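Listed below are the structures to be examined.
Okay, so chain A shows up in both of these, paired with chain B first and chain C after.
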Partner chain A sequence: MKHIAIGILGAAALGLVASAASAATLDDVKAKGFIQCGVSTGLAGFSAPDDKGDWQGIDADFCRAVAAAVFGDGTKVKFTPLSAKERFTALQSGEVDILSRNTTWTINRDTALGLNFVGVTYYDGQGFMINAKKLPGVNSALQLSGAAVCVQSGTTTELNLADYFKSNKMEYNPVVFEKLEEVNAAYDAGRCDVYTTDQSGLYGIRLTLGSPADHVVLPEIISKEPLGPAVRQGDDQWYHIVKWTYFALLQAEELGITKANVEEMKTSDNPEIKRVLGQEPDTKIGTDLGVSNDWVVNIVKAVGNYGEMFERNVGSGSPLKIARGINALWTKGGLQYAPPIR
Partner chain B sequence: MASQEILREEPSRGSFINDPKIRGIFFQAVVVIVLVALVWWIAQNVIANLTRLRIASGFGFLNSRAGFDISESAIAYSSDSTYGRAILVGFLNTVIVAVAGIITATLIGFIIGIGRLSHNWLIRKICTVYVEVFRNIPPLLVIFFWYSGVLAVLPPPRESINLPFNSFLNQRGFYFPRAVWGDGSWLILVALLLGIAMAWFVARKARQRQMATGQQFPVFWTSTALIIGLPVLAYALSGFPLSFDYPKQSTFNLTGGFQVRPEFLSLYLALSCYTAAFIAEIVRAGIRGVNKGQTEAAAALGLRAGPILRLVVIPQAMRIVIPPLTSQYLNLTKNSSLAIAIGYPDLTAIAGTVLNQTGQAVEGVVIMMAVYLALSLLTSAIMNVVNAKMALVER
Partner chain C sequence: MQEHDLSFVRVEMALAQSAPPSERGLGAWIRKNLIASTGDTILTIIGIVLVAMILPQVINWAFISAQWTGTDRTVCATVAQGGIQPDGWSGACWAFVNAKFGQFMFGRYPIDERWRPILVAILFVALLVPLLIPKVPRKGLNAILLFGALPVVAFILLVGGIFGLPLVETSLWGGLLVTLSLSFVGIAVSLPVGIVLALGRRSKMPIVKMLCIIFIETVRGIPLITVLFFASVMLPLFLPAGVSFDKFLRALIGVSLFAAAYMAEVIRGGLQAIPRGQYEGADSLGLGYWQKMGLIVMPQALKLVIPGIVNTFIGMFKDTSLVIVISMFDLLGVVKQNFSDANWATAQTARSGLVFAAFVFWLFCFGMSRYSMFTERRLDTGHKR
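After this line comes the complex of A and B, so read on.
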């Protein structure tokens, strides 16, 4: 029911509130004093509330990084949990300023939905998870013909699933829910044989199941799922702030600037580090963007660099223990690459 | 308009400003203009904002490929079908669960409602408890009760419960053999239709005879014999063309046969049980609303308890029952949108998915509202016809 309410509210908001979603998001954000950030309803490693009720994860930290760039204070964020179905309407109608919710970047979303994706904070791919105890002998997704598959509605996952089974001439039985928790509960209860979503998500979800050791993630990756934050179209300044916050996180890692050493780095002799941290005399990099010149310092102080953010939330410092893989920096054979900050 | 009114000036009314007729027309015109202006303003705003936000609009998306699968469909549907067809599938699923729910809720409701007036203490109390329990729980919880509380705790497919006639029950649903119609099976259908037509004819004749002579004819048994007997006879004559496709165990699930999914089952049972509690109260009120003198008069004529209820009390009670019954039917249809919570692919769920895949929020919501409105108006129209038939014909 909630998504209808959001739909209607969205429709009403699109219709009536002409100014809320208009050009200067930065001014609106500054006026209200915080950034409204759309996150998931709870996906470990990306955006999930911890036992104190604080949102943790890469997606949540990304919003903190933007808040740090804008306000110099990473805590000036309010989080709005959104289901897969609600997320785009919420962004379009101006209910949230950034959608940072493990959302796949596609051409349709960039064009027909009126969004602008700023980059890829996590390169993912869709995978399958099964209960190995109940289904011994299944070790490939190609053995899944006839299975009941649990999937979240309104996602690219749902579409890839249909394409994958169709192209491999296999049949399946979709069991579709709107909310992640409902899919988790149905899979855990045995309503379906297979759970499919982004592979990183599967590792996170496995931890929340009754007996995680019984479940295995199958080796196949059936799609490209570049996950990243998105903003509304029609506000280039806000788009640039969010995009360059992402690049600043990458650049900081590339230059070895961490949460711990950022203050020392300010006095570094390296001209590139000085430039990025806004220590060059008469620098205008930050002010041209619409934020203060020490914006990168603020970002790194709030959440660390991209690598720190990754390890803390999904990597070695987290229960998920996902390897960097293709999410490593380009200098280390990965895909994460930032254009020069100059 | 105004000039004509002035020409017909009535001297007693004085100035035309004080003419209630003109004033009436004036204020109605003002309200209409304000309403039209408001709707126009909202529409313009929506269009302007959608264009400004560069969101595609219009209903053209209905012809694009949907790309997602739907678990239950009454018509042929695959991921290659269009969004329009996906919404149609959702609409049919809504209609199926609503019609099935309305029939079952009415049956349960009548039984419980009459049961509450029983002279038997136990029956009366059981029916009271039923009504009080289901009427005072939100329908969403009733759905969860059936889905998570009853159906989810059934055994997994490999340990299905075997039921008679090769039927199985497990947490993936209820499986039973599916009839496969062979050559010549059209004869059975013809025989069935013939049986129904003959039963109707017999009932009519019997009524006429009873009116004329007072003699009764065992209509129920004759009709049953006709409706069941004729198709069976046709089945034998056409050389037993009917075979069955039995559910069988395969790697993951039972395959073959006919599967009723737990999503449908829990929604259907929950809506039926929930609405039945309200219908029971309506029926009880309807029966209570029939003057006691009617029952006493019927008894004085020598009718027994069954015929009194059937021939005297219920026909009069129906006049009280039908109008509120209509709102319960509408409620049931609209409550079926709670299906979203358990993943039954009804109109709301599928239109919601389409809305999200295409980003056409305004159009999606408009379609949903228009369809539910049309369904409700249709239900009302049918019930109004029924009501007109039942209404007291004054002589």
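After this line comes the complex of A and C, so read on.
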């Protein structure tokens, strides 16, 4: 039995090595004419099918941005919905070229699992939602001592919750369920005062409640869940293209380049805008990366800048109405920061 | 000799009289079925109260208050929830089902190409219905077309890539299309393979017998979900980079083999119910093995196990939902996937979507079970009790 297990592991390791060695994802992608993008099986605002069955959301749009950078056409993407268990195998085995699936960046995934995270497209974290009618006057998680908290069992959410209350010397009464739907139903029926899960999820859940206006998402975030796209290790060129697509989205927002004004901005007098949009004579920024020099123009034309992407999918332009918060640019007090494109 | 004029012997038949009024009509039916005893009466009252409590609400939710058309969540949400309905409103959000109907049927199959699955469905119905009606002639030709020609035509139409049809990858398939194609292939494959396996397990040839037993017991010993999961998560790691089996094909093979193993045991049950005399009778007529089985044993055995066969079919039809673990989206999977669309996130969305999925599954399963009852009655010659 032990030998079989070792054999399987060995075969798995060989598979990993083989896929890691087959570098030049860019050539593969160009040969097949599209990018295969791994998304979630449905998470509001990140990757969810619209009425026509097209994938919408920040994660889906990020893949469109990479396609725009590579092909100059944001539609050259094929989406593969992946469950949480399948996602890493799918990337390792080459089934997808980018994993853009609300995946938390951790050291284990960045090293042992053979992934390379390119950045953080959404800073998430575990948060609390309360029923303001049942807990009037509460505006901080530190006032929740003695509350009944609905939580999904067997998740890191449950452990984070225990740590948080213990470290703040507060009592709480956990109301634990196996399935997310059960947690939702129990919270909506008033069996607990507080609901805890990733903050981005709380906004989606709030929409399905009987009276959403009564429920408030508290400002505290008790865990770090930096969500971002990842690629395979061992292909630096592809890694750079995906990473700088992310930075280009941020840079475009910082410079005020939007989907609407990108054509006018090409003739801007600002040297930095001209440089980013590839309008300088003899520029090699794009070609050094392995794409065309007007790659940023293509990206912004396809999906807009980071801010537009955010507002359209999870912010004010969507039913979720999530505030920018720490996902704002560094110039506006957030954490989103891009190294210079020059 | 006795004479016929004895006055106490009646020579003509008495005329049939109708039942007394107390045994006729609605009143008698109610007395017999609803209030025959104190216990019955109490149960009847409880039943009526329950129905009266539940039914109006269900009808109100599903029809009267329901919203049938709309473009986003506002039609299915109250003012407090950010919609247009009055506060306290509760009704089904059929607008959600309406807007997503194409996806529920075909998944992400390209909209311009959806005539292809529709055409396949029309062909399927046109071939299936005459096969199911006993009076329609040419059953043999019909069966060959349905089980031989249709799969080929359906494969070309659905997958495409030749004859100028654009290729549609199976990863884009979904909804009822996946549910029905998985179960049709599963049903069409499992019955013949199951028969062969059942015969093999009862065979006197040791190797054949052992292989059949090993296959049946292995497959029955592993949950379907494990095999699907293994095929989806582990298999790609063993294959060289770039080589990958189609996911849909993996699911198709998994589901078919599973159904075949269960089917084999159902049919073996039927074979064991056939008395030894039937086998010996066939032998004494000089029939060979396949003639004996095909003409004498199988027709009787299969007839006996129709309920079991249909049970397996219905179970498999519903098991297709398990393909969600390998990120293939059958009807239920697509419905649940669309709950994540923030444009339709309301308190009623999940309920309405699940009721719709349940209704579609029920339609198919109920149809299968009624048809099997009809077949049982038709084939029930000489065993009536």
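FYI, the second predicted complex is superposed on the first by the 235 of 342 C-alpha atoms of A that agree within 3 Å, B and C clash if a C-alpha of one lies under 4 Å from a C-alpha of the other, contacts with A are read in each partner's own complex, and residues count from 1 in each chain.
Note that in this section a residue touches a chain if its C-beta (ideal position, glycine included) is under 8 Å from a C-beta of that chain, and two chains touch if they have at least 3 such contacts.
A quick note: this is a predicted structure, and the numbers were derived from the prediction, not measured.
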Review point. Does the superposition put A:Arg191 against chain B (first), chain C (second), both, or neither?
Key: first
(Q) After the superposition on A, what does A:Thr89 contact: first (chain B), second (chain C), both or neither? (A) both
Report task. Classify the contacts of A:Ala147 with the two partner chains as first (chain B alone), second (chain C alone), both, or neither. Result -> first
| query | Who does A:Pro174 touch here: chain B (first), chain C (second), both, or neither? | reply | first
Message: A:Pro81 in the overlay: touching chain B, chain C, both, or neither? Say first, second, both or neither.
response: second
- Have a look at where A:Lys243 lands relative to chain B and chain C in the superposition and call it first, second, both or neither. neither
### Task
Return first, second, both or neither, reflecting whether A:Arg64 touches chain B, chain C, both chains, or no partner chain.
neither
Is A:Leu209 touching anything from chain B or chain C once the two structures are fitted on A? First, second, both or neither. second
### Message
Applying the document's definition of touch, where does A:Thr41 land relative to chain B and chain C: first, second, both, or neither?
### Response
second
Where chain B and chain C land on the same part of chain A: residues 8, 11, 15-16, 18, 22, 85, 89, 92
Residue set of chain C touching chain A in the complex reads 72-73, 78, 80-82, 99-100, 102-103, 107-109, 111, 169, 171, 229, 232-234, 236-242, 244, 324-327, 329, 336-343, 345-347, 349-350
In the complex, chain A touches chain C at residues 8, 11-12, 15-16, 18-19, 22, 41-45, 48-54, 56, 78, 80-83, 85-86, 89-90, 92-95, 181, 188, 204, 207-213, 318-320
In their shared complex, chain B is touched by residues of chain A numbered 1, 3-4, 7-8, 10-11, 14-16, 18, 21-22, 84-85, 88-89, 92, 108-109, 111-114, 134-135, 143-148, 153-154, 158-159, 161-163, 166, 172-178, 182, 185-186, 189-191, 193, 232-234
Listed in rising order, the residues of chain B that touch chain A in the complex are 42, 45-46, 48-50, 52-56, 67-71, 78-79, 148, 152, 156, 171-172, 250-253, 255, 262-263, 337-338, 340-343, 345, 348-349, 352-353, 355-359, 361-362, 364-365, 368
